[in-house]
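The letters A, B, C, D, E and F name the chains in turn, as written, and every chain counts its residues from 1.
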Amino acid sequence: MDDSIEAKREFRLKMNDLILNKGDINIKRFFALDSRVYKDGHLSQKTKELLGLVASTVLRCNDCIFYHLDQCYKQGITDDELFEALSIALIVGGSITIPHLRFATNQWVTLTSE
Amino acid sequence: MDDSIEAKREFRLKMNDLILNKGDINIKRFFALDSRVYKDGHLSQKTKELLGLVASTVLRCNDCIFYHLDQCYKQGITDDELFEALSIALIVGGSITIPHLRFATNQWVTLTSE
Amino acid sequence: MDDSIEAKREFRLKMNDLILNKGDINIKRFFALDSRVYKDGHLSQKTKELLGLVASTVLRCNDCIFYHLDQCYKQGITDDELFEALSIALIVGGSITIPHLRFATNQWVTLTSE
Amino acid sequence: MDDSIEAKREFRLKMNDLILNKGDINIKRFFALDSRVYKDGHLSQKTKELLGLVASTVLRCNDCIFYHLDQCYKQGITDDELFEALSIALIVGGSITIPHLRFATNQWVTLTSE
Amino acid sequence: MDDSIEAKREFRLKMNDLILNKGDINIKRFFALDSRVYKDGHLSQKTKELLGLVASTVLRCNDCIFYHLDQCYKQGITDDELFEALSIALIVGGSITIPHLRFATNQWVTLTSE
Amino acid sequence: MDDSIEAKREFRLKMNDLILNKGDINIKRFFALDSRVYKDGHLSQKTKELLGLVASTVLRCNDCIFYHLDQCYKQGITDDELFEALSIALIVGGSITIPHLRFATNQWVTLTSE
């Protein structure tokens, strides 16, 4: 396991706990909503994770890409599917998203070579 | 057919022609790339249009939503599938995307009630 | 009453109804959350509406500015308070926000001269 | 002269006056700064207007594109120069900027065919 | 004192000095404006810092959040007030702002437990 | 040579190779387009690099600023020209771009003092 990936996962969980502990009821409700929205429904969780990944990439948020890549990996998304989704993010979002493609590729290669 | 939808489609096509006529080779190549990226591949065109729609919604571009809704409709996407995709855009992008959900809903209702 | 302001309010309400009717449970919950978050609490509703207004201005969403200006007006915010809040949005967000200051000023003058 | 272009110019000036009249000293100073920054210096005004245009395009602000296109036209920028600048905005900003290329092309054709 | 917070404060000041030394008159004027706009006026400095914090959060800039949190702390803002302001940023800006809530929470806990 | 600058250059090249190796044909074409668009044409490469730098600054992408600063340096851009370009980015993009001015200034000073 890549240490920095593990460290990011831990910081994420620790801070989420702290936010839920400190935050008001509206923050708690938003967090609950944020986990429910990716569940299987009329669209599969796999498709939803790809939607989350592309949204995160065009909005250029590495921490969000990080989370959705973990989920994409758990959903059994293939290399080809992943890079087709990223190619859409790249065309929609332009070259400004390329640093995030680098980040995503680095993490994906780590995940898939474990 | 709703006139304003038809008018938007016409303006879009007319201006695209003008850009391709005036623009340099790099603009032409980008436009070619932009239409190729949504073709069937390892991911279906249907999934890719949903990716394009969600990307357009979180980036808050009505003209882009307009185009992808047209394509989603042609791909036979259902009401339930569409609104699940939009719910992900809403949670990722926040209340600032709500005006674009209104725009999308208005157009979708027109398209599906023709 | 300015007709276009009234028309915008009506479109907003009509589309919100349609979204709540068509949308899934997650969209409904988000909408509920979106109205609760501006209620009086440890910060006053007046302060919260200014927070919503400045957030909407730096994110450059006229429909959101429109809504929060209506609420600011109801909360009795003065011209001086409003323009101080907008001056922060302008300095944070830069000249790209100026068209939204024009939009906001036009609506505010209409609201306050009724 | 295209009426809608003229109408936009008038709304812009009228609202700027109102903002300067209503706004606080910080808004006034920002507006002064905003006009000074495009003046001839170590970079020519022509280059600076192209910088303003590309910044406005990748930030996707039609009102700002509108203003800088007017200035580009006054600076004698050619079709080829303009579309090369826009091609950079397109590659950097992605397909999400295409509606703004349509807007810019439409206005530019009007300006250059007067 | 948390070292990394102190290190960030130092880098910020050192680079500001360098920018003011290297930059042209327009940059200097902007920096002056940027510090004046948060001063007490018709709105209190406390309210203005919350406006700056929420603007920084929805625009997803950790360095800006960092600065405004320092100021919020100096203004005596409470935990409850802070998280209510952040909950508005979260609802307006969506889940894409969550990594910035984690950043803010981590810094706030450090500041308030010193 | 500053180590961290060299390390960034290496990571950039290594990840680009990996993306081109893993990515589909559309990603490859985009990358080709992205390098062609800054070549000398009706606008000089120098002007184009400034356009790329300002676009990267208002879109607030340090990795993109990093690349364009390297190119600006190779094009012989002077301190005065660079900071005039950055002053436009600052006025257009607002105080939210200041952390990126700090990043750019730090790198520029390193490059020009080698």
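As a convention for this text, a contact is a pair of C-beta atoms (placed from the backbone, for glycine too) under 8 Å apart; a residue touches a chain by one contact, two chains touch by 3 or more.
The shown structure was predicted, so the numbers you read here are calculated from the model rather than taken from an experiment.
Here the chain-to-chain distance from chain A to chain F, counted in touching steps, is 1. Contacts with chain C and chain D are shared by A, B, E, F.
Of the two chain pairs examined here, A-D and A-E, it is A-E that is joined by more C-beta pairs in contact.
Distance from the centre of chain B peaks at E, each centre being the average of the chain's Cα atoms. For C-E, the equivalent interface within A-F, C-D or D-F is the one where over half of the contact pairs agree by residue number, namely D-F.
Least-squares overlay of CA atoms from chain D onto chain F yields a rotation of 180° to the nearest 5. Farthest from chain D, judged by the mean position of CA atoms in each chain, is A. If you average the Cα atoms of chain D and of chain E, the two centres end up 30 Å apart. Averaged C-alpha coordinates put the centre of chain B at 36 Å from the centre of chain E.
Contact of a single residue of chain E with at least two other chains is seen at positions 24, 26, 30, 33-34, 37, 41, 55-56, 58-59, 64, 80, 84, 87, 90-93, 95-96. Viewed as a contact network, the protein chains are fully connected, with every chain touching every other.
Here chain F touches chain B in the complex through residues 24, 26, 29-30, 33, 36-37, 41, going by the rule given at the top. Against chain B, the residues of chain C that register as touching in their complex are 11-12, 15-16, 18-19, 22-24, 26-27, 30, 34, 55-56, 59, 61, 63-64. Put simply, chain E touches chain A in their complex at residues 60, 79-80, 83-84, 86-87, 90-91, 95-96, 98-99, 101-102, 105-106, 109. Across the complex, chain F is touched by residues 58, 90-97 of chain C. Only residues 33-34, 37-38, 41-43, 47-48, 50-52, 54-56, 58-59, 64, 78, 80-81, 84-85, 87-89, 91-93 of chain E touch chain C when the two sit together in their complex.
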